[in-house]
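Chain IDs A, B and C follow the sequence of writing; residue 1 opens each chain.
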Amino acid sequence: QAPIVIKFSHVVANDTPKGKAADFFAKRAAELTGGKVKVEVYANSTLYKDKEEMEALQLGAVQMLAPSLAKFGPLGAKEFEVFDLPFIFDNYEELHKVTQGPVGKMLLGKLEGRGIKGLAFWDNGFKSFSANKPLKSLDDFKGQKLRIQSSKVLESQMRALGALPQVMAFSEVYQALQTGVVDGTENPHSNLYTQKMHEVQKHVTLSDHGYLGYAVITNKKFWDGLPADVRGKLEQAMTESTAYANRIAKEENDAALEKVKASGKSQVHALSVAERQAMKKALVKVHQEMASRIGQETLNAVYKETGFDPSKL
Amino acid sequence: MRILDHLEEGLITFLIGAATLIIFAAVLHRYLSGLAIPGVQTWLLSLNFGWAQELCIIMFVWMAKFGAAYGVRTGIHVGVDVLINRLSAAMRNKFIVLGLLAGALFTGVISALGATFVWENGAHYAIYKAFGLSIEGLFEGPTTPDLEWPTWVVYAAIPIGSALMCFRFLQVTVSFVRTGELPHHDHGHVDGLDEEDPAVPGQLDQVFRMNDDLHPRIGDEEKKP
Amino acid sequence: MSTAIIFGLLVVLMLTGMPISISLGLTVLSFLFAFTQVPIESVALKLFTGIEKFEIMAIPFFILAGNFLTHGGVAKRMIRFATSMVGHWHGGLGLGGVLACALFAAVSGSSPATVVAIGSILLPAMVKAGFPNRFGAGVITTSGALGILIPPSIVMVMYSVSTNTSVGALFMAGVVPGLLLAFFLGFTTWYRAKKFNYPRQPKATWAERGKALRESIWGLLLIVIVMGGIYSGMFTPTEAAAMSAVWAFITAVFIYKDMGLKDVPKVLLSSANMSAMLLYIITNAVLFSFLMTHENIPQQMADAMIGTGVGMIGFLIIANILLLIAGNFMEPSSIVLILAPILFPIAMKLGIDPVHFGIIMVVNMEVGMCHPPVGLNLYVASGITKMGITELTIATWPWLLTMLVFLVLVTYWPALSLALPRALGMVV
């Protein structure tokens, strides 16, 4: 009998944490179902690009995706923009309380009305700022042109810092940094390193100010139509893949930071407790500005889980 | 019909011109915001051009879809006619009609598929909602990331543009069958571009016909009467 | 099997003479419908998202800029300047033509546009000066090809889009080969003119040269704006295209005043017409490459090619031949969009630099534009000179041969293309 084919499409290279995790899932899915399911991974946007993969999933042209969390706002699930908020999580522990707890489940549930079933959250990591000067205080940010991906939250974050946000495709960033079209950007360390951006940036500031992550999603109709035993096995494969994805994402981010430091191409700065606190305080207004988009309820649910208290800043 | 022609031409003329100006303004804005001019910088930083690229893309996609329809009328779409040019005139004409009808078929199918896609991707929801009909079980379509316009409105370029293109193909077929004439993008025609005889503003017409010539209709030269 | 069906269908449809874009689209549509489970609506989606990329928007901008330059008197002033500099050597006006084409190429993104802009002014002048028609036609047809090698270049934008290679790096990589090819073509022109003792122009005084330079400076400034702007970080390559359109408009309407404001809508409309045609081909070619990926064709072809054990040199020969043959039937944008997805992965596996491979493809396209049976430059030149294609082909052969030698040089000497972008830190 022909196996059930799952086309898993993503927009990054095979050797990134997400790419590796997708391949890992493909392997485990085949093993656990005894070959009843064949997961075909299409990396590097070869099948569908960033801007069209959601629609392709809804049409049923692909079965599985792992878009970055910023992609769910335009889909109408504005609650997901909570993940883009600056300083919403202080560390992985707080983050995983949300992504692997009831709040995460609630968020994934919001997608069902759109024909999408959310399966898991996969980490990429926490972001640092990079530029040609250390970005530690608000004065440092003034007038800096900083690249962001399309996102109202990130735009508001950059404006709150006094910088000029520039929406730009990821593929253009290296050259834009190199020539100076933009002054800096924000990235998890693995992106910074693999895209060689540290070679064209003089300073990296370890701010851990924001989070970049993905949600693994599937077409709801397809998922519900799978035989129950197969679905169970796939859920198990997904649980294993999530643990694997988060582990290697963390490892690769740490390793990338070490390599950036070792390269000597950019200077790495830590933020003092006071500096981080000051930046956090300046950015909490972004939470308030965005509360009406994201929904106060969602925001409070996350606050409650992580123990964040804006009034105590 | 004249009104439709003018509308088509006016729309694509506007789209290409306006998109150019928007990007020009956005670049100027970004460049000037980087200069530390007191007061001015703060004001410039407060302006938001984050939507410029997205709007430019949307305008150009619309221009491309309607321009493609206009292109059928001006005979700009290139084909490989090395082979059919070797056939007898009667056979060749059959192939030309076949090609035109294939164009009508493709654009017609795309128009229908595009309409379905747009309908399912938010138009159904939006229109039913606007008329107060039941939206039970329907979902609101996505929006564009920067401008936050409903994507179904943006994607509507496909069914509308393709339908227009289909209509143009049929129009050209009918006129070809009747008169034996095809719209012709004349690529080699150059008048008045002589060093001693510079182009005169307002009389650009002749100069204009030689224009672009990126993609002539292949094999034109051999079949010129 | 599916490879044979897909390409068979495409070739048959194309040979009926229907527009290339339509044959690409119909191939995809019928294959998806007949042989796959892909929801057919995704074709409509792809038709929008296929060009939904800011980098592609450089194409309409460059076309618009080129039109303003051609009709705004920039070309004719460049010719005057070029002729004042080199006109007194053997082959005077011909050499001026090569130089003028190189200058115009540095502000325009397309080859045929360069042939039109320079050729339509220069060819009549050459005939008047006593050059054989053939000589002028040969010079302009081939020198016009510089249009896509010297940046900016629409074909490079296409390559960049279909392979995710940095367009800024490609532009920089085109500079040195472009200048070298201009030199080669100039040399052939000079040599033949000397051999047949063609007329020379009176030597211009430095005052005359200065005047010609001053008059053409507004057009020449565009070179500084585009390349300088990209390199200095004022703007991205796409934005540079928009800036050059605005600059060309200002130059044509307000500085040279060769065009009135009321002519502007016409320029816009005709640029939109041309851009839309190209964008329509692009969307359909994107659709086609989606089908190839879906059917795993590039991967299979890469494996088959690698499996035969051809090395880098063998592959490059095959690529050259394939591209030259393709150049006989299609125009460059379609070729790049259809063949790049197939050839690129193989090139990568063989360790060829993506930027270098882009330049190889561009030079192949250039040669293809100048040789029969189908060559865009040939057709454009034939329109200008009223010469038949066969006659033109004979006219162009010395330069065509020069270009083939140059093609070999570019193909097997990567440093020629890569040294400049490397020095600028754009290629690692």
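By definition in this document, contacts are C-beta pairs under 8 Å (C-beta built on N, C-alpha and C of every residue); 3 or more make two chains touch, one makes a residue touch a chain.
Remember, predicted model here, so these are calculated numbers, not experimental data.
Participant: With centres defined by CA atoms only, which chain is the most remote from chain C?
Facilitator: Checked the centroid distances; the maximum from chain C is A.
Participant: Quick one: name the chains whose C-beta contact count is the highest of any pair.
Facilitator: Per-pair contact counts point to B-C as the maximum.
Participant: Quick check: how many Å separate the C-alpha centres of chain B and chain C?
Facilitator: Roughly 22 Å separates the two chain centres.
Participant: So what's the Cα centroid distance for chain A and chain C, whole Å?
Facilitator: 39
Participant: Could you grab the centroid distance between chain A and chain B? Build each centroid from C-alpha atoms only and quote it in angstrom.
Facilitator: Spacing between the chain centres: roughly 36 Å.
Participant: Multi-chain contacts in chain A: which residues touch at least two other chains?
Facilitator: In chain A, 55, 59 touch at least two other chains.
Participant: Among the residues of chain B, which ones contact at least 2 other chains?
Facilitator: 53, 117
Participant: Identify all positions of chain C at which a residue touches two or more other chains, and write them in rising order.
Facilitator: Where chain C meets two or more other chains at a single residue, that happens at 41, 45, 52-54, 234-235, 239.
Participant: Help me check something: in the complex, which residues belonging to chain C touch chain A?
Facilitator: 38-39, 41-42, 45-46, 49, 52-55, 164, 166, 168-169, 230-236, 239, 290, 293-294, 425-426, 428
Participant: Show me the residue ranges of chain A that touch chain C in the complex, using the header's touch definition.
Facilitator: The touching residues are 42, 46-47, 49, 51-52, 55-56, 59-61, 168-169, 171-172, 174-176, 178-181, 196, 200.
Participant: Which stretch or stretches of chain B touch chain A in the complex?
Facilitator: 30, 33-34, 36, 41, 45, 48, 50, 53-54, 117, 121, 139-146, 148, 151
Participant: Report the residues of chain A in contact with chain B in the complex, numbered from low to high.
Facilitator: Per the touch definition, chain A meets chain B at residues 54-55, 58-59, 73-76, 113-115, 143, 145, 150-152, 155, 159, 162, 164-167, 183.
Participant: Spell out the residues on chain B that touch chain C in their complex, using ranges where they run on.
Facilitator: So the residues of chain B touching chain C come out as 9, 12-13, 15-17, 19-21, 23-24, 26-27, 31, 53, 56-57, 60-61, 63-68, 70-71, 74, 76-84, 95-96, 98-100, 102-103, 105-107, 109-110, 113-114, 116-117, 120, 154-155, 157-159, 162, 186-190, 193-195, 198-199, 201-202, 204, 207-208, 210-216, 218-222.
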